[in-house]
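Heads up, there are several structures right after this.
Two complexes follow with chain A in common, the first pairing it with chain B and the second with chain C.
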Partner chain A sequence: MLNFIVKRLFSGLVVLFFISLVTFIVLMWIPGDPALLSLGTDATPEKLAELRESMGLNLPWYEQYYQWLTGFLVGNLGNSYVFGEDVFTLLVQRLPVTISLAVLSMAIAIPIAIVIGVLSAIYKEQWIDYIARSVMQLGDAMPQFWLALVFLVFFSAGLGWFPVAGFTPVEEGFFASLHSILLPSIVLAIGQIGPLIRIIRSSMLSSLEQDYMLMTSVNGFTKFRSIGKYALRGAIIAPLTIIAMQLAGILGGAVLVESIFALPGLGRLLLMAVEQRDLILLQGIVIFVTGTVVVVNMVTDILYQIVNPMIRFGGSHE
Partner chain B sequence: MSKLKDNKLLVFGLILVMIVISICVVSFFYLPHDPNAMNTSDRFQSPSIEYLLGTDQFGRDIFSRIMVSSQYALLIGLVSVTLGSFLGLILGAIAATSKGFVQSILMRIIDGFMAFPGILLAMMLVAVLGKGLWNAVIAIAIFMVPVFARLSYSLVLDQKNNLYVKAAKSYGASKGRIIFKHILPTILPRLITQFSASIGSAILIESSLSFLGLGVQPPDASWGLMLSESRQYTLTYPFLAFPSGIILIITVLGFNLIGDALNDSMVKRRASA
Partner chain C sequence: MMNRLLHLENLNVKDTHNHELVKGVSLDLYEHEFVGIVGESGSGKTLSVKAALHLLPNDLGVTFEDSEVLGKSIIDLSDHEKRRLIGSGIGFVPQNTVAFLHPMIKIKHQIGDAFIYHTKANKKEALQKAEELLVKVGIKEPKRVLHSYPVQLSGGMKQRVNIAMALMTDPKVIIADEPTTALDTVVQKQVMQLFNDLYTNDGVSILFISHDLKIVKRFCNRIYVMHEGKVVESGYTSEVFADPTHSYTKKLLRLIPSLKSGRTRRLG
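Up next, the complex of A and B:
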């Protein structure tokens, strides 16, 4: 078990290192002079040269990467060219919005997906199943930015149920804050429901086919009881992994949704970094987002081992 | 019974895709109006005989713009997925047929790419390459590489120890020959399934990039760009959000359904075999 955890941690770190290196190299290709970007076009050549020197832009790429990496290890992600502020501070400022969006959207999507997924597995090839699968297909095909736009037009502008734009911080009241991110979260949740239903349905189906399910009916359990007590338990584990995988999708969706609802989150910051070609900021966001995904995947893999004894015993043979 | 239903899904998917392809083909020969011609006196027209889907904020004919956009959507979808699947296949096959260190390095690289949310990777690449149609194609292709690399890796690994591969090896066939001549035909159906589904997601990413202003650039038309341009007017004239949104859904749904139906029938065939 310990062996597995160490191995998993190690491979996670390798992936992270690889991501940071590749991102760094790729972003070095961005044309444009960061020093010029920070000082503006009316800067004197001497000033520019001085700044380049102090930013370490004259060093070869591997030394620049080394500097970035050593900074990263102590929590220093460098200064944004455009904002002139510490990237870490910028990230921390924007994070609450994106995290609230992600958490709320999962809180909406997961229960709904579990109910629909389980029902459609139990009533396979019946009308509930057909409806569930249609919902799934439609959810997969619908662009989130379009849904956001339509919801905005209908619920915010038309019915006036939600604010058209902007974020209310928690400090100004929990419910006001919730209200300001509810609609974007619903949009994000709809994007996740499709893949979630798919995985819950198929893991529930395979769980229903297990021998122990036959056994419970032999033992005279009611259908409801045997499903609730046995099949569900077997079926819930698989979605654990997909929820972790979904995270990447949620963060991606947040970029678009935040830009439509004018929410000051990570997604907006990212869009600004791309438009302004702010290399250091971009590198910081990319590492932060992918790092979160890698770490969450790592943790779920390890949890998975702890929850599911079959995998655990299989793993211990190594 | 269930076979019939799968076919229905496939037929429905094919119909949707055929609608889009026909629109695309017709757009090369005939357009009701010049898609980029602005006509300020005819702004925000409701659908009519003259303008089938009305006009947008610049008085341009929405129907013509949707027709032209289908060219970009299909082009970007096809080219980026073809490129991505080809590179992914090669990478996955190399990983599957090599041992130890090379294999684990390649797989970690693929894992690393998988950790990127699609749109984030695409945005990062656009930041490097610059905005525009072809850069979006490259960005989406790179996004597709790990998807196909993962799939080919496991498929090739599955086949690697089969007798026919061993036989080919014993004749002294080269690695490349074994992969392309012997293994590829057996795994092709699965790859084609993924190909179809991936075109759907490629078109989605393209529209998202264009919506963010990073893909197809004005005055050219793309469904995502059309939505983005009309964004500030949708509050007063909501109709603008629908034509390009719905055609986008039809296209993506069509490709996804085809992919799913093919996948289902393959799973069933394997189960009954």
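Up next, the complex of A and C:
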């Protein structure tokens, strides 16, 4: 187990390294001058040169990357050009918004997907199943930005049920905060629900066909009992891993939703960093987000080993 | 006339391509009988006994003229009655495949389920009973087995757990589909002895599928011989073995010369 964790950790670090390197190189190649962007077009050439020098922009890319990397290794993500602030501080400020969005959207998507997925497997080829499949396809086909705009126009601007923009921090009341991110979370959840239903439905279907289900008939259990105790348990593994993998998708969706709903989260910060060519800030966000995804996937892999007796005890046949 | 515990008349099973898998099979099991079903692989033995318990998947085309379980016509029963009747009255030992035990549930949490469900016993009583039965089927460390997941057990162990599980509700009928194939000869003897004890001492009736003609000859008082989806011969074991009428049965018996020469009492 320890061996597995170390291996997993190592491969995670390798991924992080490559991603940071690639981001850096790509951004170096994009035309545009961060110093000019941060000073404005009426800046004097002397000032520009001075700033470039102090930002280290005159160094070759690999030295800039090296500086960033050594800073990162001692826990310093550097200073944002645009905000003039420590990148880590900026991340911590924006994080609550994105985390709330991710958590709430999962909290909406997962229970609904479980109910729909399980029912559609049990009533395969019956009307519940057809409805479920339509929901899946609708969720897949609906572009999230379009959905976000429609929701915004209809529920916020039109009906006035939700704020048009902005985030209410939890300190100002839990429900107020929830209310401020409910609509964008629903948009995110709709984007997640298709794949979730699909995996729950298919693992449930395969569980229902297993031999242990035959034994529940032999034993004369009610459908409720045989599904509740036996079928569901046999269907748990695949969805668990998918849920972890979807985190990356949620973070991607968050960028979009946050910019449409004007929520001050990581996604919007990322967009700003790209627009302003704020290389250091962007690098910090990318590393942070990929790091989170890598860590979450690692934790799931480990949990997967613990939850699944077939893996946990797989090697110990008589 | 003795009580008829299982009755299946003119069973036909077709697969999704309309290919006939079982053709006009009729089976009976009476009280105080130990009945064997023999036949080569694919002859429809498993399908027939599963059909008798209404366990076949819906995608197979199953028809029959009559089907009784424990004296009750199955078509007349409500779902609830059917579940209770089969769940508590019949012990089914499935043919050895990998997954009749739930892989994600410890043995102790599944072996007693039917017992608790049908007799309203508590968990502790169920575990105690399970432990006794596990010892009876030749498991030396029943506690360890109870605390294991199926994947931690060998094939033979799992099969014995399945047998013990089938006995939990003290069923009147045991249907065992090649219950001893994964077991070594010592345990095999032990399990057959257990079935025989249940049959002679506890009055349990047994329907027993086997490839092993020696075992069938020794234990069963009546047999069915199946071939290509049909019952080609049936009757008292001694008569069938002494004077097989169907060519397939003759061939089958010829394959095991020691049977005809009467040196069959070595087993047990």
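Details
The rule is short, and it goes like this: the second predicted complex is superposed on the first by the 288 of 318 C-alpha atoms of A that agree within 3 Å, B and C clash if a C-alpha of one lies under 4 Å from a C-alpha of the other, contacts with A are read in each partner's own complex, and residues count from 1 in each chain.
Methods note: a residue touches a chain if its C-beta (ideal position, glycine included) is under 8 Å from a C-beta of that chain, and two chains touch if they have at least 3 such contacts.
The structure presented is a predicted model; accordingly, all values stated were derived computationally and were not measured.
When the two structures are aligned on the shared chain, A:Asn297 is found in touch with chain B, with no touch to chain C. Look at A:Leu282: by the touch rule set out above, it reaches chain B but stays clear of chain C. When both complexes are overlaid on chain A, the residue A:Ala273 reaches chain B alone and has no touch with chain C.
By the touch criterion defined above, A:Gln210 lies against chain C but remains apart from chain B after alignment on the C-alpha atoms of chain A.
Put simply, more of the residues of chain A are touched by B, taking chain B and chain C as the two choices.
After overlaying the two complexes on the shared chain, residue contacts for A:Leu51 are found with neither chain B nor chain C. When both complexes are overlaid on chain A, the residue A:Gln137 reaches chain B alone and has no touch with chain C.
For chain C in complex with chain A, the residues that touch the partner chain are 53, 55, 82-88, 90, 92, 94, 97-105, 113-114, 117-118, 148-149, 151-154, 157, 165. Interface residues of chain A facing chain B in the complex, by the touch rule stated above, are 11, 14-15, 18-19, 22-23, 26-27, 29-31, 125, 137-138, 140-146, 149-150, 152-154, 157-158, 164, 248-249, 251-253, 255-256, 259-260, 270-271, 273-275, 277, 282, 286, 289-290, 293-294, 297. Contact residues on chain B toward chain A in their complex (touch as defined above): 2, 5, 108-109, 111-112, 114-120, 123-128, 130, 200, 204, 207-208, 211-214, 224, 227, 231, 234-235, 238, 241-242, 245, 248-249, 252-253, 256-257, 260.
Residues of chain A that touch chain C in their complex: 210-212, 214-215, 217-222, 225, 229-230, 233-234, 236, 308-310, 313-314, 316-318.
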